[in-house]
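Chain naming follows the written order as A, B, C and D, and within any one chain the residues start at number 1.
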């Protein structure tokens, strides 16, 4: 009988693959979820490209982003992005960090991202900016130190998406499936906003429209409809994770950051 | 012996899949057709992504957008887009609603969509705008209430395409295949117009050219040629609906809107 | 033993499929070649999308664009594009007509297409414009009447590519493989020129560079290298025409124009 | 037991295929590596499109770009790009030359390419320009003569990427895998910079950020993670080179330049 953690690891592997397969993630970026039974921990893959992740690649971490049991496994260097958001936001149960070419132009120019069509309203009413330069000066751009993670989580505040200058975006969700939906449609919104700006003055959703539309789109039914669509597309490409949910993490040899 | 309704359901499933496969529809959007023998009804899928639709997913609706026989099946929430257009326009036998990234920049900026090449003339001589804000103020952006559907149908008027501000487009056709052709080539026209505007002042078809060209392109032969192309592409990807035309709607458990 | 015409029909079917598979042609457009042994005739498919063409779909036409032997087969309506160019240009042995979204922005704005990188020099030193409106006023935009074909061939003059306002492009080649190379790399050049114009002032090839570079790229070796690449890509997708070169044209039922 | 040269030839074939499969190379362009045991030689394929290259297609060249043993095999005409860089830069062990539509707009306008996101920092702090016109006037644009290769290598200087006006880009790496990583992410950076410039004023990495970030991204672990991703994608498409590493070069018939 699959337990909650096995099911969660399978769900998280699927989420990684969907976001990669729909073109938001490439070799880099990562997706995590809060532990299904212990809110003081979260689940995330070892350092591996999202499109390749199997349930057996997924490990437990404390909210300080320390691996719980794994020894000698290479983990993502930017784990604090995840841990610090779970610490700051008890309502967040899933986090995605990516570098999509649709969103990066906003991160590079500082142009405000706005919901410009109904599905884009899932990004929230606004996406604040975070600049590593403000608190830390010249760095290697990655969010590795706990203070960097806390600074980013502070910039996110009570929003659901934060734009990282010259780097990418980090999104939060109250569930894995909500996170996947928000990640894919906020990216679509960015692409459409960019394209719209090329031909005229954009007319975005009003604050009132955004507040009514975002939550409506994030109800269980639209999310289920999109989830069926994305998983079927994975299946047709033979790209679903392996069936066994109880797959044991393979023996790993070394441990380090990235 | 397959009857007219079975054949219609198969045709409509193929139409859904073509428009999705050619990149206009994604997880959302929907396609319907008027009932082949009862003009007071229309056929449309239950709430499911267009690329996945089987003939067995397709149900009958009254022109008030009430399902005729289905109990406990989740239907699209925006059914009135379809029902209200069939009520207002006896010459319309098929309707598509989509959110293509090629067309949305026009919906977001209010820039006029114009036929800029011969195949683009199938959109008609013009595509009017509709803004939910005009009649209804701040809403959740979806077209769910009968008065919203009637407002949209009124904006469409005697045209074949209406651009919905901050939302998407709705297209009509005198047949399913004409609708598919119009949807795909009006989307291509939008993409080409957008790209043209990036490098210079566009020279669109004259009114006289548009009036001569649109109907010429919508004759049976060009439509048949394109239909063979699109269905062959579906077949090569193993993406055609299941062969059985008499497939029974699967038992559904719940009924709701979206 | 395959004869020259059988081989030519196979080569022409492959050329159609390459240009479609590389994204220049879609449901519409057409490719022809001069008859390999009778310069007073040319070979072209019946009315069918280029990606689907089999050797058995290819027929003979006089230079007046009349089918030689076929009865009851639907042919492309714009055959005179091909016939009139073969009449005017004895050095031309292959012709392609397309509506690529990369080239159309130039046709719609009247912006001059220029060779901007070495491979783009295969378009020639310039691509003149033709506007059906100049000689014929408002039309259905298609090139169907002999006088329309002659007008277009005159605009082409001694160039190798002509841009048709609000319509598309027509290209000529001294061989089928040269035509395929010119069609694909002139389209790439258009895309790159458009993208370059978005970020600065373009610096195109000088006249001297264009005159040295175009012929160099059209030598047998670069063409053979690209031909191996494009045909291998077709093969990997299972998209080559059927092997039999002697395939008999299937019995067709009706004949008409388009 | 596979020797170092056999392994190198397999690695280089994979590198060619990855760069093509990820969309940077098409029918043209080439990738080479310094000989693994003799720094006075380098390995590169015979004249063939990168996506098709097998280990058996790879030959040895002196640093003067003369083939060591092959007789009658057609080689790339632009070999001196590779040989002259290996001569000038003992720290360089791999070279790629390409014409990506993402990078060409910079080559055509002279717009400066800058690292605009962390992964883009792998291009180095700057990419200088080279213009064949400066030293050689009107040419056929290709880099074929030794003096042309030396001029290009001089423009590269101690950088890792040089932009060739109206032609493309050439990149160097201290290893094949570093080169692949730099080629793919510098191309991504160019695409993202171009898109950013469309919507606002770009804020690139500071010099300090670029100097810290580039070397960090080129450490063994990020490169290994991306390499696993790219090779898995090739495998899933059935696009890896043939398994046999000791494959003998097939008998070739003629030899010439291009």
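What we mean here is this: a contact is a pair of C-beta atoms (placed from the backbone, for glycine too) under 8 Å apart; a residue touches a chain by one contact, two chains touch by 3 or more.
These figures come from a predicted structure and were not determined experimentally.
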| item | value |
| --- | --- |
| Number of hops, chain A to chain C, where each hop joins two touching chains | 2 |
| Homomeric contact chain A-chain D: same or different residue positions, threshold half | different |
| Rounded Å distance between chain C and chain D, as computed from the means of their C-alpha atoms | 33 |
| Where chain B and chain D are represented by their mean Cα positions, the distance between them in whole Å | 46 |
| Per-residue multi-chain contacts in chain B, two or more chains | 198 |
| Chain pairs in mutual contact under the definition given at the outset | A-B, A-D, B-C, C-D |
| Chain A-touching residues of chain D, taken from the complex the two chains share | 116-119, 121, 188, 191-193, 195-196, 198-206, 208-209, 212-213, 216, 219, 221-222, 225-226, 228-230, 232-233, 236 |
| Contact set on chain A toward chain D in their complex | 26-28, 47-49, 51-52, 74, 99, 101, 104-111, 133, 137-142, 165-168, 194, 197-198, 238-239, 256, 258 |
